[in-house]
Amino acid sequence: MNSLILKVATRFMLPLLLLFSIFLLLRGHNQPGGGFSGGLVGASAFVLYSFAFGAPETRQALGVDPRGLIGAGLLVALGSGLLAFFVGQPFMTGVWGQLDVPGLGELHLGTPLVFDAGVYLVVIGVTLSIILPLVEE
Amino acid sequence: MATLLAILIGVLYAAGVYLMLRRSLFKLILGLVLLAHGANLLIFTAGGLTRAQPPIIPPDATALPVSSADPLTQALILTAIVIGFSVLAFALVLFHRVYQTSGSDDPDELKVGDR
Amino acid sequence: MNLDDITLLEGAVMLGLVMTGLAMFLAFFRLVRGPSLPDRVVALDLIGIIAVGVIAAYDILTEQPVLLDAATVVALVAFLGTVAFARYVERRQQDE
Amino acid sequence: MRMFLWNLLLALAWTVSTGQFTVANLLVGLVLGYFILLFAGRAIGYSSYFSKVPQVVAFALFYFGQLILANLRVAYDVVTPTHYMQPGVIAIPLDAHTDAEITLLANLITLTPGTLALDLSADRSVLYVHAMYINNCDVEEARRQIKEGLERRVLELLR
Amino acid sequence: MNLLLVLPLVIPLLTATFSLLAWRRLAIQRKLAVVGTAALLGGGVALLTLVWTRGIVATQLGAWPAPFGITLVADMFSAIMVVLAGVIGLAVAVYSLASMDEPRESFGYYPLLQILLMGVCGAFLTGDFFNLYVWFEVMLMASFVLLALGGEPDQLRGAIKYVTLNLLASALFLAAVGILYGVTGTLNMADLARKLSAVAEPGTMTALAMLFLMAFGIKAAVFPLFFWLPASYHTPPVAVSAVFAGLLTKVGVYALIRVFTLIFVADAGYTHTLILVIAGLTMVTGVLGAAAQHEFRRILSFHIISQIGYMILGLGLAGLTDSPAISTLALAGSVFYIMHHIIVKTNLFLVSGVAQRLGGSFELKELGGLYRADPGLTVLFLIPALSLAGMPPLSGFFAKLSLVQAGLGAEQYVIVAVALVVGLLTLFSMTKIWAEAFWKAAPADSPRQTLSAAEKRNLLLPIGMLAAMTVTIGLAAEPVFALATRAAEQLTDRDAYIRTVLGEPQ
Amino acid sequence: MNDVVTAVLIVVGGAFMLLAGVGIVRMPDLFMRMQAATKAATLGAGCMLMAVAVHFGELTVVTRALLVTAFVFLTAPVAAHMIARAAYSVGTPLWKGTIADEFRCENDRVGQSAGETSTAQRANPAAREK
Amino acid sequence: MAVGMLTAILSGFVLAILAPGLNRMVRGGAGWLLALLPLGLAISFASHAPLIASGNVFSESNPWVPALGVDLSFRLDGLSMLLSLLITGVGALILVYAGGYLAGHPQLGRLYAFLLMFMGSMLGLVLADNILLLFVFWELTSISSYLLIGFDHERAAARSAALQALLVTAGGGLALMAGLLLLGQAGGSLELSTLLLQADYLHSHPLYLPSLVLILIGAFTKSAQFPFHFWLPSAMEAPTPVSAYLHSATMVKAGIYLLARLSPALGGTDAWFLSVTTVGGVTMLLGAWLALTQSDLKRILAYSTVSALGTLTLLLGLGGTLAVQAAMAFLVGHALYKGALFLVAGTLDHQTGSRDVDRLSGLFRAMPITALAAGIAALSMAGIAPLFGFLSKELSYEAALRAPAAAWITAAAVTANILLAAAAFIVGIRPFVGKAVPTPKPAREAPPSLWLGSVVLASLGAVMGLWPALGTDGLLSAAGTAVLGETVSIHLSLWHGLTLALALSAVTLIGGVIVYVSRGLLRRLASRWESLGQFGPARWYELVLLGLNGLAGGQTRLLQSGYLRYYLMIVLVATVGLAGATLATRGHLVKPTDWSGLHFYDVGLVVLILMATMGTVLARTRLAAIAALGVVGYSVALVFVLFGAPDVAMTQFLIETLTVILFVLVFYHLPETPALSSSLARGRDAVIAATVGVLMTAFVLIATVVQYQPPISEYFAEHGLPDAHGRNLVNVILVDFRGLDTLGEITVLAAAGIGVYALLKLRVGKQRGTASAARRSELAGGVDDASLPIANPMRKEGDVP
């Protein structure tokens, strides 16, 4: 492909897309978004990167193996579900903590959000382990 | 609107099925995608349509307004979409590999080995 | 719907929707018509951008800003598809 | 860039502290922050940021005008039955040579109706542009317009 | 109690996750595979014990009351199925240690196996329709990959048909669930059962039930929806075939039994007659298909179909009799048949792998001489083969006996006759394998292989274990049948299920 | 006031979109279709997003509208460039009225003719799409 | 009993398991050692014989599978005692004989095992009181027989004979199972002891006739009655000890046993009389005739056994004291002489290398002991006084003479016996007399193991004939009592006075000699009729197998055609047919009425989707189709936007884009392929597709109109924020209310990720190099290269065409 313009644009867009993906993840519980769309946007960022720079460079930029992301995501999601057992609740029961942040009010932090993060990781990992080999072909 | 969508769903299913029956693996996959769209719209429509009221609790409320869309159908569709995508991705690559191996897009060429 | 009840804004939005809708059909015509692959790709890309406009107009019509997120996403990724197509066109050239 | 972030931070701080999360307020914050930074600049050191901001504003205005004009021209051509176009692919020798310069230039060219950046030569010295209106078949003139118009301004902005 | 219901999902997923994280370390993955499946089996047995002592148990995930969250529920039927999944998982995991080639092992075979087991167990335990769809997809996706893993041309050819037809089934199922939700506003099976009982005119629901019948029927490989099975099951490595043969279609059967005992019971005269007809045609077409085959695994594949017919035969009978005792007997027969079949069929596939190792082929004409060469394997083949053919005193005999008794009790003589004749034809094809692969002298040019001690251990240990179970289920049929009967009693007692799930006092 | 601005922006945006639609149908070759379509639509989308920003006025909405606008303005030219470059490199024919092709002269474009019936069409299946 | 019946039976199976090992340990003499078990059992049974003879019945019962009515209940009365003695006694002799006959054979151990397994099964069969238990052992004898007939397994003839026997007997077994269950259903019990007491009730039960027919099919197949007789001669492929034991003395008697056993319950009706006598009579005559037409010793014996079994069936069909007496006596007599003759045949084969009567002559000098045993047995078979055969034949003549239609039956019996007498001379006398001719192996007297059996059996026949009161009477009486269901006493004596029966015996003997002398003529006659054989039951069997294979092949070609689109078509048609027909006939269709709230942009959007869908279907190039599909996806996402589903819309946009990218990445380098379907096929497919579409539309309409209950989602609306702390209820459902769905879903994703990766990177089989290269790069040097070839034959799978 080797388009300078694409490369430069990509360098600019990658962080933007990643930022947006995390934004989607974090606000998903209250506004449209969540692990899926966040993860898909995050993956799109790297897909774009792979179009501009090629798959090997993308793997390098990613830093971790996509399958590692899948494993980590599953572990996070499962772990967040299992946490409930330690407080004597059924599997996948949300365990919530309250955080008082000045200016933002009460912030509820709970395992469902962690679960969503697991989803996010899995989505990125899977999308990339599907697309990167194809880009390499 | 529900009626219109019902007809649309029927057309999507019909088109999907028609494509799946063609002698082309590529069209087969297209058909699968159309079927998936049909199924998603079906859940959406069957669950009841609500215009432009997302199931998001407004900042000043503690419960969802009654007029809002059904969140459950949306969650189901989301799940179905993502599952459908993973299946599609796999199927696509599978068909790609079959093409590479057999050199043909015609599923009739794959008939050896069934009996 | 009684025309008298329509406010200026609603009328404008409706008009906007009509125009974007027409644009979408025209783009779709090009997509079907081709003749070359890049023509179709351009048409698809255009449809993505028009979709952003449609969502924006509908946002205003329904007073639902949350729908804007969908537009955001379209804007972010529709471009990816186009790039993929472009890649395809060029790669195919190289393969031959 | 660092300065711009500072500016943004100040603007955000302004909106938070005033408690009014509106665009207008943010804009106020930005302007305020700009001037604060401008003054504070003496203390924390000079930055090209301050001279760039007016430059950017000026360029934006220029470009926006071009955009509208060009759009209208294409629009006219599109809606009228006759085709007035005199299109051609022309080569623009580049003075821009960093990645950012070339990219910005190409994008701006593309964004303007009537011109479209096709490709960059391998040695990055020539940009090939598809232009719709090469008046009187004067390729040189078209080339000059782009070089003198967009490229010069972009380079001024970035250098 | 919560834990026990969740373990069959958590253990495989955890094992799969750790295997994924240990992607490059095969030694760890192998150990995990065995440990994980053994733990699954242990968890399953504990669950079965719990259900046996306490009756149906349910847990509301996320502590959301039913029918709003997702309920996991185990009655005897599902607990039995989970135990079987554990048994098959363990057997196949051990077998894989010696039989799976390293390339496949290093491309995710073990985690996929675990994911498959998770999907299977999820389907058995869930009390929610959409969740069932999800587990179907988990299972299906894992099976897609396992089927195609390695990418040999035969595999790919088979996989296409498998994938396409199963995706069609998924689309049907999804649509049916969507419509069901649209009509009833709920997804919880117990809740659905209760709401549909209140529906005055069930005809429309019966039509919807047909969609479910078809969707599950494809998964269960009944007539005329079974094509994907014989087209694909003989193509992957034996361990994969074996786990497919044992578990996958049974999930479809499970779903059919669950749905048509719990939810769509209002129009049983119509639906269950249909099921009975399908059962008969499935038995016959399957066994005739087998008769036309000359390849070890293909014969076995077609037999799966035929035997699916037996499994749903009990379901059909149960709906067509007024006698609760016969109804229970029929369902118990189905459950017992499933238990028997899962073990026996998996085992036969595992044996086919060893035969292929020794004789270099799955084609019967290229095999031979195993009777003389390997008396141990001979016995290990005969036990499941004779059991499959319904020979006493092995498990298959009692499975068939209970269904025949129920059929006679329900006065459905035609289907009984069909079942008996098909039994004979089954015997016929087992003898074909026996005569060709075992009795016949080996072809002169066939490659002779021997197994190393480690291979012998890992290949024959699971086979022996399963054969021992087959014999045990036969000789100790009473306690096993008691399990099946308890399962059947619970299946016929809809109210207990509904109350347990919805958390109402019994 | 807000409503008027919004209405104007919406209508203008819609008009640009329509223009893009007409353009992509009417223009005689790919490159001019792109010229007519992509940019007008981008501008149209920008207008409509601005309309949203003006209409709602909330910070969250405005930032997002701005973000989307920025993104559209960033990606659209890149996408157009990519397509155009690819199309050109595979010999997508230029309109017969095209007066110059300096790129081809220097880079030995695959097809040697600029006409609608160029040999490029025959030489390049991707462009021909049979 | 001192030793429980269950124990006795199980001991056979246990020893069967141990036998191969024992055979390896005790080289050569294992047969003698193993024979101790049946011998001991025989003695044990015999020790109880007096008690049985005096009318006692032993029974024991243990639960096995009470839920299915299968219990380990056993019953030892006169009938079972008689057969148990036969089974164990002959069994002991056979084990010894087998050790000699197959000395040094590599699979002798297995033969022992199968024989012992058979013995246990047969014992169980005759001792079982529970009819399902009886059936269990019944089937086990079929399996044992299968394994034993195919003992010489590398010969195709042996394999197909074994299969034939198995299919016929197991097929009958299935009928038997149904019949027994129906009987049990009719009689309300599965215990023989109960059923046998309800004859009258059973006879009037509507299930009587079906159960009778089914049970008779079972009995007839097992006992080789016409038209199922053909498997028995084929079964002579088995080693001779097996033929002697199973296919003459014991297993084939199982059907006879069953008839005898059930006759108190089932017998005494016209249906019984007609069917059993007719089949028995025909079998008797046919077997006798066919016996004469053979030249192979074993086949002659086999057909004569068929005939004898026919006789027994005939007698049981006749019923009544006399016939039953005759049957019991004949059963014992036949076992003794036929067993002996089989053993002789085997010995001749073993010692001379031939079983062809035409090639054996004058062997008396070389093999005197064998000859002696053979002569006595043959004479007994020919019914010559004072041997036991004479007694039993006399009795049967008397029974025949008293039967209804006596003339016919008597004539048939005499004819059969004449032929059989001739056959007896051919087998037992002909080889030993006359001029000695060279044989393939130089003839020598056999070792004791090979003559012991025949000598013992033959002498038993002689002894019991001479001293019938030796205990035989009591036992036969007890057996008769069991069969008749009423107390009888049987007194055998050589001399009944100058009765008609005696005259018939004389006729038989003379006739037998005449036939023997003119046997060449008869054989020539027979060979002329040989072509008739192609219409016989053996041919039917072949035709059934052929038909089965044809049907199987045809069905498979038709259904499992290999064409994916036909599979799809069948599945779709079945679905639409079933669901559609049900909906049309049982449900109620909903008229499309809800056109409310329709906006122009809704219509526009739907029209766009429709057009894009059509575009996808009709696109002439791949990429055009992909682009059109993208439009479908985007516009479907817009539908979600319109109806308040931003999350779904977002995800749909994202997924759609990725889908398009995937399509492009996957298909970019594949050339276009032409459309292959004919217009006819397109039309057909369009019709199928349209019906599918209509069905789905109908369902959706129903779902939009019918709503039985308020949806559960109302709960989420209420509890989402306070209890799950989220405002976006879709997300709350995904991560909390229905988190398990999502967990499953990401698992699907994970599997797909691995799958695609593996599909693209791993290629086993096609090119070895690629696979191991891929692995090498995968393993990153973690495994030493020496182990790379893996020596894995599993990988060969791919090479199999």
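Read from first to last, the chains carry the letters A, B, C, D, E, F and G; within each, the first residue is number 1.
The rule is short, and it goes like this: a contact is a pair of C-beta atoms (placed from the backbone, for glycine too) under 8 Å apart; a residue touches a chain by one contact, two chains touch by 3 or more.
This is a predicted model, so every value here is computed, not measured.
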Target chain D, source chain B, minimum contact steps: 2
Going by average Cα coordinates, which chain is farthest removed from chain C? G
If you average the Cα atoms of each chain, whose average lands nearest the overall Cα average? E
Taking each chain's mean CA coordinate, chain C and chain G are separated, in whole Å, by 69
Taking the mean of the CA coordinates per chain, how far is chain C from chain D in Å? 25
Length of the line joining the C-alpha centres of chain A and chain F, rounded to whole Å: 32
Going by the touch rule set out above, which residues of chain D reach two or more other chains? 106-107, 117
By the touch rule stated above, which residues of chain F touch at least two different other chains? 19, 22, 34, 38, 42, 58, 60, 67, 71, 74-76, 78, 80-82, 84-85, 89, 129
Each of the following residues of chain A touches two or more other chains, namely 3, 5-6, 9, 20, 30-33, 36-37, 40-41, 44, 47, 67, 70, 74, 78, 91-92, 94, 123, 126, 130, 134
Using the touch definition up top, name the residues of chain C that touch chain F in the complex. 7-9, 11-13, 15-20, 22-27, 29-30, 34-39, 41-43, 45-46, 49-50, 52-53, 56-57, 59-60, 65, 68-69, 71-72, 75-76, 78-79, 82-83, 85-87, 89-90, 92-93, 96
Enumerate the contact residues on chain B facing chain G in the complex. 1-24, 26-30, 33-34, 37-38, 40-42, 44-59, 62-64, 66, 68-75, 77-79, 81-90, 92-97, 99, 101, 104-108, 110-115
Which of the residues in chain D end up touching chain F in this complex? 15, 21-23, 25-26, 67, 70-71, 74-75, 77-79, 83, 85-91, 106-119, 121, 126, 128, 130, 132, 134, 137, 139
As the complex stands, chain G meets chain B at residues 556-557, 560-565, 568-569, 572, 592-598, 602-603, 606, 609-610, 613-614, 616-617, 622, 625, 629, 632-633, 636, 639-640, 642-648, 651-652, 655, 658-659, 662-663, 666-667, 670, 673, 675-677, 685-686, 688-690, 692-697, 699-701, 703-704, 707, 711-713, 716-718, 720-722, 727-730, 732-734, 738, 741-742, 745, 748-749, 751-753, 755-756, 759-760, 766
Give the list of chain C residues in touch with chain A in this complex. 66, 69-70, 72-73, 76-77, 80, 83-84, 86-87, 90-91
